[in-house]
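Each of the next two complexes has chain A plus one more chain, namely chain B in the first and chain C in the second.
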Partner chain A sequence: MSKELNLWLDDLLKDIKIIQFKRKNSRRVRIDIAPEALPALLELLQGRASYVHLSAISCVDWIEDDEFELVYHVWSYETNSLVSAHTRISREPGVYLSVYDLYTPAAFFERDIHEMFGLYFEGSPDMEKFILTEWNGPPPMRKDFDSEAFVNQTFNWEEYHPQWLKDIEAEGGGITTRPEDVR
Partner chain B sequence: MRPENYEAIKQPPSNEFELNFGPNHPGIEGNYAFRVKLNGDEVLSARADAGYLHRGFEKLMEGRLWIQNIALVPRICVPDPVPMEVCYSLAIEELCGLEIPERAMWLRVMQLEMSRLAAHLFAFGGHAATTGMYTPMFWGVADRDLILDRFEELTGGRVYSIYNIPGGVRRDMPDGFLDRLGTLLDYLDSRLPDYDSLFFRNQVFIKRARDVGAMTQEQALKWGVTGPNLRATGLAFDVRRDDPYLVYDKIDFDIVTEPGGDALSRNLVRRAELKQSIRILRQIIKHLPSVKGAVRCPIPNPLAWNVPAGETYTRVESSKGELAYYVVSNGGDKPYRVHVRGPSSMHAVQVLEKLAVGSRLEDVAQIMFSLDACPPEVDR
Partner chain C sequence: MNELDKIPVRQEISVAEGNVKRSNPLANVFDELVRFCQSRSMFMLHYCTGCGAIELPPAMTSRFDMERLGIQPMVTPRQADILLITGYVSVKTLKRIILTYEQMPSPKYVIGICSCTVNGGMYWQSYATAKVLKEYLPVDIYIAGCMPRPEAVISGLRDLMGDIKSGRADNWKRYFQNYDHYLGNQQQLFGEDWQTPTDIIAEAEHYGLMTDQTLGEHTALLQKHQQPLEALEFSLGEKREKIQGENPREKNNE
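Here is the complex of A and B:
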């Protein structure tokens, strides 16, 4: 049963012009689709093809193309196969539609992406800060966020050379490689 | 939230009050806060507050070599670290098109099941503690320690073994390891009746846990519940069987389900999975000596390893549920993006918030532990 259903998906999706369909193996399908058509595709997959489990929404920052890639991984418990729907939206203003009305787990992933990448999902129920509660900097998972530069700007380096370390160094021990030599 | 930033909420006189669970081990394996609003001892609303274990794993991984990240990934889930290593390694192998030797696959499955045993012993012990029974907790943790001894012998590390690398495993087993593992399994098998009479068939536990934190199968599917928590609602789904990886399709095991969907059912599923994991490990002990050959395939110089550009989504069944890694490479020596989909990111946030509402205060910790969530998977 499962194999037939799988092939049925192949036939159905290969006919649609706006999507690029690629079967990786018997359980993995990759679909590339324009952002305006993605919610409709997910609705079709969920409502007509039993892809009821949203496994994850992944976000990739392709800074050279000035685009965010969103990947919706949906799994079917009936055909035991995973469809990864890829779509690309422009980095500015970085706004996209929520799929919370189709998949409840989307709320968590959208909140996470909003926090880490600064993307905004219209219609998502909860866009409050979650993990980075007291963070005021830019979204840290973006590629243009430089962790080291941020630390140097935000915090002060402090000399730490206590007496006990001086005692050890007097006997020839202690830190032999200084941090500045490593860098 | 830091204490100096906390402001008391001003509100008109009412019977409702707020209570903070956590963030120090509130009935969950790690630092995680849970804010509940109460009327008497009934929970009116609940709100999860994560971030206490955020170390920015996904960002750190982008700045380190492919091979260096092997030392980083097991830290994402402390009680069950092996699936993290295996899942990340599987992703790299898929991107590079590496065929790992069969012996390495069996060794990986062996560790995965050992890790599952250890995690389930930890989970039911912890659940017992939330119902006021501390003896099962000490028993569970003590027996888990015996499994960690075997991990130490096999890999050199007790908790974070860092034994699975892209291309296979680091080295072969020591001599006589399977005999000692078999002795351990005999011991654990003989302990199961003791666990039953102490905990799983104990009326104190059954009466406390029945109908607590119950969800139906439709709700579980809608909320993205996976793993033992999903099987406790009666759906026989397991990534090991339905999306097989490594050599799970050559191994004989049952998928255990329970109909209840409550805290009791979730624990009974874990109890039955202890038995199944022992069964799988016995098959491995029988079969592994006949699988000869290398334990890893040749890999490029790991310090100058450019993984071909591409993306992959690999999934394994951890003791908590569906664990997945989305790994993107742009052809460089470091990952372009790694997204960790931990099963607890559903269980500990949305599901927990929903199940806690309407329950009683003394059951909140029980619901948390019965979902067996692992906060670092949420925070990453």
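Here is the complex of A and C:
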């Protein structure tokens, strides 16, 4: 049964012109789709092939292309396979549709992406701060946020070769095996 | 009343500045006994902040058995003497650590387990973690490693016991003596209006540990921004109703 459904689904998806379909193995499918058509695809998958489990939405910042890539991972218990639907939207203004009406857990993933990438989801129930409640800087997972510069500006560092260690070394002690000796 | 004052219990404070031994040999014996007892009965609050926490269950339970050293886990800061910080400390967590630390009764000891507490460890580049723990609280012992094995944890705890026994473990006093320094670092990270419910300055007076480093520009800033504490509003029910009202699904169903 599940084999048949898979074949049937593959045929159907290959026929649709606006998407790129690639079956990686019996349990994984990659689909590249235009942002306008993504909700429709998810609805089709959920309704017709029981892809009822949205396991994650991931986001990638392709700063050179000026685009965000969103990946919706949906799992079906009927066909035992995972569909990853990839779509790209432009970085500016960075607004996309929420799929909360199809998958309730999307609320959390979207809220998280909004916080980390600054991408806004229209129709998502809550776009408040989620984990970084005490963070006032720019969305930190965007590629244009320089984490290293921020760290160097905000924090001090422990000294690597402090005076007390030099004193010990002067007496003949100290670190016996240096990292350079091992590598 | 006068008689009671002569009992040398509180005199321990004068032991603070390096001169561990007192002139009266009998008092010395007494101090040593107190410190010995202290070092053999410690209650440990483990603040499991990072991955290093995973080494604590074997260190505490039957395999390596910390209890044979007299160290027991404790569930509340009010009844603990050791604060064990096990791993990377995010800025959000650091706030909670400071609140916890300030609630512990003195004498109190802080142990930083893992390289992350020393210098940021492998999260040195992360925007979210605080790097050098001892800038924000006085740390008694660091146990380096990513992550340190239970043997290392236990050997670190034995070092701490040795320090307590010989009277060298008095870093907790530094928090009161240099409060302005620690508060300044905290304010730099958390913003100017950072405040905790514990009145450290009053406690420093109580312990007789006021120095000219206790008060300064940062404590002045604290007093300027300080707001009296109020009980938190308990509004879980209302909030839930509000969110449900905004649920687009329910609207669609109507």
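Throughout what follows, the second predicted complex is superposed on the first by the 151 of 183 C-alpha atoms of A that agree within 3 Å, B and C clash if a C-alpha of one lies under 4 Å from a C-alpha of the other, contacts with A are read in each partner's own complex, and residues count from 1 in each chain.
One rule holds for everything that comes next: a contact is a pair of C-beta atoms (placed from the backbone, for glycine too) under 8 Å apart; a residue touches a chain by one contact, two chains touch by 3 or more.
In this text the structure is predicted, and so the values were computed from the model without any measurement.
Once the two complexes are overlaid on the shared chain, A:59 sits against chain B while remaining clear of chain C.
By the touch criterion stated above, A:151 is placed in contact with chain C alone, chain B being left untouched. The partner of chain A that touches more of its residues, comparing chain B with chain C, is B. In the superposed model, A:71 makes contact with chain B only, not with chain C. When the shared chain is aligned, chain C comes close enough to touch A:101, but chain B does not. In the superposed pair of complexes, A:134 makes contact with chain B and with chain C alike. Residue contacts after overlaying the shared chain place A:28 against chain B, while chain C stays out of touching range. When the two complexes are overlaid on their common chain A, residue A:84 makes contact with chain B while staying clear of chain C.
Touch criterion not met for A:50: it reaches neither chain B nor chain C.
Chain A residues in contact with chain B (one complex) as well as with chain C (other complex) are 104, 132-134, 140, 147.
Per the touch definition, chain C reaches chain A in the complex via residues 91-92, 95, 118-120, 124-128, 130-132, 135, 189-190, 243, 246-249, 252. Chain A makes touch with chain C in their complex at residues 100-101, 104, 123, 125-126, 132-135, 137, 140, 145, 147-148, 150-151, 154-158. The touching residues of chain B, counted against chain A in their complex, run 1-2, 5, 49-51, 54, 56, 58-59, 63, 221-224, 226, 235, 237, 242-243, 311, 313, 315, 322, 324, 326, 328, 336-337, 339, 341, 345-346, 349-350, 378-379.
Within the complex formed with chain B, the chain A residues making contact are 27-28, 52-56, 58-61, 71, 73, 77, 80, 82, 84, 103-105, 107-108, 112, 116, 130-134, 140-141, 147.
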